[in-house]
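Dropping the structures in below, format is structure tokens.
In the two complexes that follow, chain A is the common piece, with chain B as its partner first and chain C second.
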Partner chain A sequence: MHGVIDPAIAGALAPAEAPHGPLLSVRDLTVEFSTRKGIVQAVKNVDLTVAKGETVGIVGESGSGKSVTSYTVMRILDRAGRIAEGSIVFSGLDLAYAPERQMRDLRGREMSMIFQNPRAALNPIRKVGHQIGDVLLHHLQAQPSNVKEKVIDILNQVRIARPEERYHAYPFELSGGMCQRIVIALALACRPQLMIADEPTTGLDVTTQKAVMDLVTELTRARGMSTILITHDLGLAATYCDTVMVMEKGRVVETAPAERIFRDPQHPYTRKLMRATPRPGITLRDLLPEGEAPAAPAEGAAVRAAEGAGTPLLKVENLVKEYPRQGAPVAMLAALFGKAPPKEDGIFRAVDGLSFEVKKGESVGLVGESGCGKSTTSTIVMRLIDASSGKITFDGADIGAIPAKEFAHHPIRKRIQMVFQDPTESLNPRYTASRAIADPLLRMAGMSGGAKLRAKVEELAAMVGLPGDLLDRFPHQLSGGQKARVGIARAIALNPDLVILDEPTAALDVSVQAVVLNLLEELKQTLGMSYLFVSHDLHVVKLLCDRVIVMRHGRMVEEGASDQVLEAPKDAYTRELIAAIPHPPV
Partner chain B sequence: MLKLIGSRLATAVPSLIGVVIVTFLLTRVLPGDTAAYFAGPAATPQAIAEIRTKLGLDKPLPAQFLDYVTALAKGDLGSSLSTGQPVATEIRNRLPASAELTLAGLILALLIAIPYGIAAAVKQGTWVDHSCRILTTAGVSLPVFFTGLLLVYVFYFKLGWAPAPLGRLDAFASPPPEVTGFYLIDSLIAGDFETFRASAAQLVIPAVTLAIFALAPIARMTRASMLAVLSSEFVRTARAAGLTPYKVIIVYAFRNAMLPVITTLGMVFSFLLGANVLVEKVFAWPGIGSYAVEALITSDFAPVQGFVLAMAVLYIVLNLLIDIAYGVIDPRARSEA
Partner chain C sequence: MTLANPADAPRPASGLAATLRHAHYVISDNPVTGLAFGMFLILVVSALIGPFVVPYDPLASNTAMALSPPSTAHWFGTDQLGRDIFSRVIVATGLDMGIAICSVALVFAAGGIAGIASGFFGGWTDRIIGRISDTIMAFPLFVLAMGIVAALGNTVTNIVIATAIINFPLYVRVARSEAAIRRQAGFVQAARLTGNGEWRILLTQILPNIMPIMMVQMSLTMGYAILNAAGLSFIGLGVRPPTPEWGIMVAEGATYIISGEWWIALFPGLALMFAVFCFNLLGDGLRDIVDPQRRT
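Up next is the complex of A and B:
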């Protein structure tokens, strides 16, 4: 074959090779990785069948082997991994032992892949049009003379506005959703028969997620393609897949049609995952496995909350945070020559006149998509950065007037604490768990080392359910959930009045998220703290918060009791946000 | 792009001012009395004082500095006390010799180190990788005067392949008519292949000496940055799209891996400027390095100041070139400016 292959002919040829039977059939696949600790089996005896035109979801938590399975199908495992056993038959070809040259021909043309984190999946210093063009040229789907035309055609298909202009864009000039469309364009460029989507929407906003998933579904359906959707999100799998395969620790625990697996999960692990997925009409307790409800809070613990209930603890009035649109280096250079930094009309308002209140013992959710100003707001309330204007009152004291630099030494600092988004990144890798928890005690409570400190740390660890023998471990020796507990223990060490939770469960698996959310609720009851919960996930916010504030472009679009906002949203944007969240049909 | 160049040039101005001040002060605090040295061991105190007045060394430091800066503004770097020649002329005559040697060494190092670094990263853990490690360890741990002398011993003394290490051309050849000051280029312009061959023969061993020294950091950096890029997600995407290994390694991985290597080049070049001084001594190379060392030994201010200033300007120009190269390769750097 030479010259340009007409995609229609190529598409017609391939199925002829295997007129009957599935497109992809993986049998008894075992994949091993050689590590320093010896050989580890990442995937054990996995069977997977994908029929033509079918969408199969592989669902599982981190470490379940779902990504490794798909990389093995594409044969793009890294050096340490190898197929120990099993067969992978793709339209009549055994891929498990196919030579690399043959695999290269198949990759991109017959099977392709889209990845998590679309921006990182694109070459940062190559124009996106050229990146798509590379694939077309390599698989002889275009010639240098007509490649640009074909790329623009594909960009049009993935609904990129102004494709002629975007052809010359670099990934850093495009939004996350736009980058994912480019990655999809790259994967679909040669009209493959199978597309593997590995967490394609993780890290994207819910409305973007919906747009991207709808696009993928539409395009693959129009081409009669098969899709493997790898995700940790059961809701996503339920909405977009025909068949769902649940994996745990490298094994398949259950495979069933999507409809049935959610109505009638057979395996206990599937049931546990199902329960842990936040969905409408449930309470926090419902997230935990049956019979594992936490003990009721101790008697008389909620006294502190009851004492001051209803009085405002935090009051934010007319908060504004502006950033100059221009790059800082130029302004610096201008300053060097004694010129005032050029006044740009375009000053960007990250937070634009926001006012709200958090009462004592209350949890307030701050919800919105990326760039809505929710994290900026929480950072200002924490007094890590200064607001451009506005007033922040905490328990009667005007903390907005204290410069961010001085707030670290202010007595009120003790009463406001924060739990961060990434449990790993927010712990010092050279501190043990006990040292991390002791940190605020040493710095702000004037405690010094010794038995008393150790006792306090152990007490805190017990409160957050962290086993005492883990206290001397370093962060890399702890699991995600354990690290989250360390972060929470550190935040509550000084018995604060207000805890700011910045997406504390975003990096956690759903089953761990369920436990952490319950822990937070329990601690709130016991210690009578108030929470300011920053999140993009309305369902999660609803479970934990009494009241919710929906933000967009730095402004509040809706505020109200959580149930009310979720069940009867008044604002059109809130409705759109809620509608975009996929959830299992339960 | 012009904006980027402009802003980089503007930031170079304060560094230049700093260099002028520091070199001036540094030469004043160095041990040794210039006047006494110049007057000779038998001079009377009156004679020394006379010379001191003549050189303006009896004035207070600020006044001396003012004199220096005023002259500098006119392009006058002063005159060498030992040779009596104006420093600016000497540097102009000697700089091409040093530049030719340094650039030859650097280009040679790049030609070897970059492919080697790429190969070591692509074939990680194989004999290529291990041999790269051995070579780079040797490169950093052997001082240039040692490798230089060793090469002279083997290739001139033992094997007789190389000409005598005595400067840019052997005594019987005459230099080509000056255009760029680089003998290799000038001889080609003049169409004089005999001189080209002769000067190339003289250049090989000192250039190799410098290259061995320079290739270690470049190869290590190339390897490390290739390894990081090869494990990145966009390389995985490129592989999943079925692109050939050549395209993945060169177009996708290498261009990205080049960015930190280019940054390292700036540092390597400054190391080379230092190493040059020793190499020029070993090979009797008539460059500015050996000129500066001689001046330093005799407490001859003007050439030392001129040398440091010339090096600083060279270094700033090189860094500007590196920033431009960075901007050409990386669109993000362009848009930041």
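Up next is the complex of A and C:
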């Protein structure tokens, strides 16, 4: 390992790149973090070149070092991290050893960054107009006398309607997409030469994602800016980047022009990632790496044919969930957002007269963007909250009539289970994996501790492919995919008839998602369960579901067989949804 | 403790050995925590073993030796009745720590549960518990403690109760806010699905998760409880002379400071400071030990 080089000497030794070279040139960069387990190299010998006006995509799964690379370029690593080796030359300046004072001057003016969560990147108690103004004033791009004018001009450029009003808005008054536009406005305020976008659209709806990405592309093109787009989504990188760099475990595995990398991927890891990305015209098996045989069903678990397949298991009729509006300010805000005015004053209908059916052994997808009422619906069906009106029939029993509070002790409880969206949040941080899986067995199957319980937990772990030696670990010691498996094992522990999958793969990497989706399909075959799959991603839903229901504003806009809905959507909104999903050109 | 897999050295197993290893890591990682645990150990040893090893009987007076300054025979000197201050300071540790531990345990049970219930259930439960703690907060706390002891009777038990009552709102507030954050957490929902009743969720899902912050709170209020007990004794409530107790000893010594016998009040005062300081430092270290996220 190389020792720390004296910054002054290193700065002098760094090859002074001619200003007409690439805008950013990273050579042989290695970044180390000192942790409890010793020194960890998060980024190893990375080379990266960004030409003027170019958009470079850095693609990789979590832990690939893609964010660390960009943080290093901005020199905003946290204290445990340091540059062990390599040079970062940005328009002739060696940033690797530049003093902090110089970096502070460069950040915002010459290079800027868009973060993942736009709401967290904005100061919640300061008007957005003032926040943009602060940047302009700090970098002397505006005078106090004309700052407001300039800010409104910038807001116009990021297509915020009625910028004079929005100038005075606080971040919480704006939607997620709107906040991301403000963050983009902040990043572009001083006309930087390089913009780093770190997962700028994760957590946004697909239609919003498209609008935001189109805006970024257009603005950077108009100004001749260079962009580094960091993403886990190959489709997004393919659609918006000139060059794509694929990273795995801190190393660059492949760098190539965007169309070539998708047409002819060289590295096995790139191929694996490409295969795992859901896209039109494939089946679940296609997601797994070539030659990887799907895991055989767990031994001893006889294939339980879904008895009486085709008969309705769950029937939802005219479901309505109303929430009181929080008084006048909310109504005013709704008007500001251009939402339809509430039908009855003071009442907001999250679910508005929804009816559907899930048959035995069938998988139904519930698709829509955030706020469409899909999660509310699944929570009501789950009997965690009560509906305002409507009927829910489960296998002949009217479960809608049982109050949610009493349902915990009802015998039907164990027949409806759920896999949650965020595997981390849905596991008690103080329970080990085996304790989490054992919980339903202890509470509802009448089992008490001991060897029998342990055997059952191990059997369940084997079914979901969780290695037995991980059972004594706490959630934070498990990877995302392993936590997802624990969540699934817990849900199937009681042999439920209906499992509600609430975006079970949204927080997972694509390759893990591929494995988890296949696992879910296998379990469904083995155990003869029905799935109600709640998701925003039509491609993922199509892979797992027989039928799809598309929701908007609490209502169903389209229903039909998944292939049919995806290939020949009848409703304009469904078409818009499908068109907004970026996918690699396969 | 399972040792099925010894090759996997930093095995994240549960069990006593793992906890001890983790405690060792936390203590060696942060020297201040190590210092706090060292101080705590001294307090525990003097509380448990002190009464049997002190050189003099803490109650035996020896008027011939009255008011003698610190010397090799009497390390901390003697008081107006010739009692050995060192022996009295050591013996008093047990009583002061006992009062503090009992009151903290009491208030943790009452205030912690009330706070969690308040944050978890919300609604009327929250309103009633919230108003009760507001009422307590409305009084100057030390005066309230004086009032309670005066009204209930001048006993050690009542000091414990009074100290618990004045700390009640602190526990309610901390527990309430922590429980409210987790009320809709995924793992709580999951526990509902697996058939746990609300009270079971409260005790088995929420409570263990807010233990780290409660540990810090307990450690901080331990110091406060010791001060409070000593304060009550200082003004003549609660423990009565000639029982060795830091507060009384400071009170008795205070009258002699003007005439130059500084050691009578100084050493029990230092002991008091030592204990309070120890518990304040201990809080952070305790949280790190109890928090599973720190174990890797």
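We adopt the following convention: the second predicted complex is superposed on the first by the 537 of 586 C-alpha atoms of A that agree within 3 Å, B and C clash if a C-alpha of one lies under 4 Å from a C-alpha of the other, contacts with A are read in each partner's own complex, and residues count from 1 in each chain.
FYI, a contact is a pair of C-beta atoms (placed from the backbone, for glycine too) under 8 Å apart; a residue touches a chain by one contact, two chains touch by 3 or more.
Since the model is a prediction, treat every value here as computed from it, not as a measurement.
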{"item": "Which of chain B and chain C A:H139 touches, first, second, both or neither", "value": "first"}
{"item": "Contacts of A:D242 with chain B and chain C, given as first, second, both or neither", "value": "neither"}
{"item": "Partner chain(s) touched by A:P440 [first = chain B, second = chain C, both, neither]", "value": "second"}
{"item": "Contacts of A:E425 with chain B and chain C, given as first, second, both or neither", "value": "second"}
{"item": "Chain B versus chain C as contact partner of A:D571, first or second or both or neither", "value": "neither"}
{"item": "Contact footprint of chain C on chain A as seen in their complex", "value": "36-37, 382, 384, 405, 408-409, 413-414, 416-418, 420-422, 425-432, 439-440, 443-444, 469, 472-474, 476-477, 487, 490-491, 493-494"}
{"item": "Touch list for chain C against partner chain A, complex", "value": "2, 4-5, 8, 12-14, 25, 185-187, 189-198, 205, 208-209, 292-293, 295-296"}
{"item": "Touch list for chain B against partner chain A, complex", "value": "7, 10-11, 124, 231-234, 236-244, 247, 251-252, 255-256, 329-332, 335-337"}
{"item": "Chain A residues touching chain B - in the complex, by the definition given at the top", "value": "74, 76, 78-79, 103-109, 112-113, 115, 117, 120-126, 134-135, 138-139, 170, 172-173, 183, 186-187, 327, 329-330, 333, 336-337"}
